[in-house]
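There are two complexes below, and they share chain A, which is joined by chain B in the first and by chain C in the second.
Then we have the complex of A and B:
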């Protein structure tokens, strides 16, 4: 197992795509220290920015991991980008594009992450025990290649446009979500245990969004379909209702499913007369 | 500076050189009989192919629609980027690369002359600004004149000679090179939300038909002695059953052929060769078109080959682009350019497993292989509509090797494969034919006297590819050929070595060619014409022309007109 500790407080963005189990596995400490990493516009070596140690630990949080990072790396971008195997555990905050286009393996963060975590991911798991920024699992601006698979679990809150352009996979948010959750999603599941800001599911064509808390308003391009007692989130996980089921977004001729928890949203009861 | 290219296998179809081992001498940017062997810089081209620099007759590389495409597609940029080096500038983009990258990528493939085929006269300044920023290649642009209001009015009244004088004026004032006609009449109709469905439909408000526009401009082209023919994007492009429209378009100018120079160029013909009643019954109309072209000499074509990749479609054909948006549901841009033309942009992905896309792929190659005379059909992808120009080496491999075509056929939609004519075609092009379809034929069709050949006096634009025609069998070793054409061993532009082993050595500016058409009697710019500019155009008459100092490197070609 490789343990990385930031050698200093970073001032400039670090492009850390080499912090990836596929790259580091099988290398000795000396080899890892010589790997190239960009700090701002200057090429550096990992050894100059991080203290690299090889150690075994009995700490259950990081026991299985191939790489652990101890400390604040909120300036480091693209950690675990393109990774296929192995596990990264980060004890601290982490920067943008965590696990971008990830194809397998697992990333666990005991801290907050910045925007575009799990952007365009294909498979694997990202577990975030703090909050996540904007564009969780979403592609870059203009791109329509959203999440193609895998799982993202956030125990805190997330920013805007979580799961935009999602095509497959699941995002579970145990806090609340910002505006435009599931924007233009085509398939897959997004579960929000707490509240969501408005415009949930805008332009969605298929897929499932489940909101377990308060939602100020449903977009006018959604129509009410029925009231459901419970919703399946994934294997062995069911959200207990009752839920209003809305279909949309009709603007895009979509029939995505938007479930909104009935008990916490009495202001939506006027939809019931259309049932 | 003097240069001597020694011992290469030279393919120069214009001068009938078929792979003979010879030396090419260059002095002051021109090809000469001989140079002082001791003083000249030497390139050892033994075991390599020497060809004239590539010429591309049709590729959208500059102008407002290309730039709007760049703005529309940030996702086209972030995965394909080139870093700055000591000689080259940085750039981004795959299907719509930035101007500098466009120039470098063409030069790396050995191309030295490219034609930007659609320039709304109103956007001429923007187009020339971008062309001036496209290095390494000589270039020119075709103004869109098929739906220009003045043209429609003069042709409606049958005033061919006056129309010709106006076109002479517009050609010089927009710094254009040839008459481009896109969906004649349809673009004017699109201003009212309509389209025309055959070449005998009436254009709203103008009492004229597409047939009259095409014939009228073909006559104008002849009166003005323009070096290229009219460059036509047919009506009904991209609609099943449109091969008949393409045939009618070719037939309608049959009688205007004078026996030596073609009368019409049908561009990206693949998109106009669909047979069938709807998308489900779509079939290839390549055989019918090829049969017609094989028996007639008044027409040249370019392929518009489809490549299975993610690309951006952009044409001046607004109604077609709207149809494409409805089919794909992608983001889109559509634009009505005042009194002149329209335009549209839709990102598009051609998938080999989709029946329609696979049929399109097959049509392009069928056209190129069924038309027997390589001087009549040229290799293009209608960049970026069928795919980016960087895929040309792939197409060359498909041309030269049945095995390469079979490998590609194996992976396409099975229904399209079973209907494709490609398995029945055994023809394989040789290096000489490749030199025709990629440079000599295109230069001849464009009337470029100094390009596309290696005769004495020609511009010293030369491409050298590292493949030995004596030792390599391209039909078996097609991957080697593909690699060689992807990265030219040397590209020489105006006598300077600009690329070596696929790396750009030197950043050079290319010239912008334009026609300085001298009519016997200049166009009458009456107060009425100026009034119309004031009333109908957003630009005043005085601000409309592009002045010569606007071009970075200007290369006017004087033309004596008959009117």
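Then we have the complex of A and C:
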């Protein structure tokens, strides 16, 4: 196990894509300290910015390198980008593009995460015990290839456009979500336990969004389908209803499903006349 | 007295190129054809706030210095910085922006132009959806339905309506200026009477008027040019329009999506959208489909209200949908005279239109991460160069606090709010008055800017100042490399 501790409080963005189990596994402490990392526009070595400690695990089954980061790394970007296996545990806040395009393994964060966490991820799991920023699981600017698989669990709130352009996989948010959750999503599941800001599911063509709290308004381009008692979130997890089921977004000829908890949204009852 | 004809006006994105200036003893004394903003700039640019000497801050006070000394200090600041930002660029010429990008690459900084606080979201959506657009000349000659959304051209682009849309006499579409002007005059008289009655007889305090809910009048179904305004308040432009839709603030996205659904012949399961009854929207959608050549101009009212880039995403998609039924184009109402040029040069040089980060040695682009306001709000930068812009007056307070805390270089003809907080100030020549160059109109047509008078003695152009800083930075870096090697 490799333990990284920030040697100072960072001011400039740190481009830390080398903090990745695939890169660090099998390297000695000295080798890791020499790895290149960018601080602002200056190339540095990991050893200059982080205190690196090494505790080799005795369990032969755990050959995959596990990394733990202790402290605030909210300026460090692209941690765990492209990772294929292994585990990263972060005890503190972490910066943008966490686990970008990750293909496997697990990242656990005991703190808040900045925007673009799990951007375009293909597989693996990200568990966030604090809040997440905007564009959770969404692709970079101008790209329409969102999350292709894997799982993101957020115990706090998320910003805008969580799960934009999502193609597959699941995002579970146990707090509230910002605007445009599931924007242009094509498939997959997004579950929000609490409230969501308006424009949920805008331009979605397929997939499922479940909102367990208050939703101020449903877009005019959605049509009501029915009222459901229960909704399946994933294997062994069911959300208890009743839920209004809206279909949309019709402006994109979509048939995505938007479930909105009935009891907390009495202002949507006027849709019932179309049932 | 010499008269210079066909001068391009360096004020707004309309870039009117028919201005006639009378020059007397090296000064502009008369402006013909220009709007109020144009006249004010050409006649008043040389006012009391003009800076004539480079300034350096020493012990908290500005000290006049030589250009050489100021260039050296500026180069030191930029060469030593770990994450400098270079911001502005929209009110200077393309030639200066080109040098600026080279400087940003040399110092490994973030270069961003003012689109980040105006039409940046439009650019993001254009990259997502694409843009069906054309030149303003096409619109002048052919457009029979003109829609302005979240934009008040009468006040912000005063000659836009006259030169390119409703008031212009096109080859295939006639001008309707008489009718529109009568309307605006009548509306002003009515307003004055209402206000007098309220103040004198009813003794009421002014209040916010209720939302205007008016059925589309028969005139919007007629043949010929029609003007529709969609905005949150009844602007000057709205007063003369054939039809005005008052949208509830921050509900533009819903309205756009409703239009998209209606154009696809979908039925809406709501009675009103954004406060507008659906039957009115159906009629407007009908007008959109029935026109021969429609155009949607959108302003900052759409890009900077709730939804931001996704509002534009919906607007662009609406135009895409409309093009299945008729001919429709869309164009952003760009503000600064060369903001389009700043985007164009940046795209040509780096591949990206704004918010380009050179810190890793190659251009990276991700607005939200590399855009200057976000960099400042996260307190990441450690130096800044501001050119032809005034972020201290416009940026969020927290961003300004960080901007002025670090070394700040300003290149500007005027002592604006940012220059007052700077460490190094360069006076520069006014582009389009004292310096020539190229600027891009809002429809991406490049136009030449003329030099009509000489700049004050010793005052250099933006391009020349940047070139000197760049060459000084290169010299310093080379020296440092030699030292490290030794």
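In the analysis below, the second predicted complex is superposed on the first by the 265 of 275 C-alpha atoms of A that agree within 3 Å, B and C clash if a C-alpha of one lies under 4 Å from a C-alpha of the other, contacts with A are read in each partner's own complex, and residues count from 1 in each chain.
The rule we apply is simple: a residue touches a chain if its C-beta (ideal position, glycine included) is under 8 Å from a C-beta of that chain, and two chains touch if they have at least 3 such contacts.
Because the structure is a prediction, the values reported are computed rather than measured.
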{"item": "First, second, both or neither for A:238, with chain B first and chain C second", "value": "neither"}
{"item": "Chain B versus chain C as contact partner of A:274, first or second or both or neither", "value": "second"}
{"item": "Partner chain(s) touched by A:42 [first = chain B, second = chain C, both, neither]", "value": "second"}
{"item": "Dominant contact partner of chain A by residue count, chain C or chain B", "value": "C"}
{"item": "Touching partner for A:96 - first (chain B), second (chain C), both, neither", "value": "second"}
{"item": "Partner chain in contact with A:199 - chain B first, chain C second, else both or neither", "value": "second"}
{"item": "Which of chain B and chain C A:139 touches, first, second, both or neither", "value": "first"}
{"item": "Doubly contacted chain A residues - partners chain C and chain B", "value": "140-142, 144"}
{"item": "Touching residues on chain A, where the partner in the complex is chain B", "value": "139-145, 252"}
{"item": "Complex interface listing, chain C residues touching chain A", "value": "81-83, 107-109, 124, 127-128, 253-254, 257-258, 260-261, 264, 266, 268-270, 273, 306-307, 310, 313-314, 317, 321, 358-361, 365-369, 378-380, 382"}
{"item": "Chain C partner contacts - residues on chain A that touch it in the complex", "value": "11-13, 15, 38-42, 75, 77, 96, 115-116, 134-135, 140-142, 144, 179-180, 183, 198-199, 202-203, 217, 219-221, 223-224, 249-251, 270-271, 274"}
{"item": "Residues of chain B defined as touching chain A within the complex", "value": "72-75, 78, 329-330"}
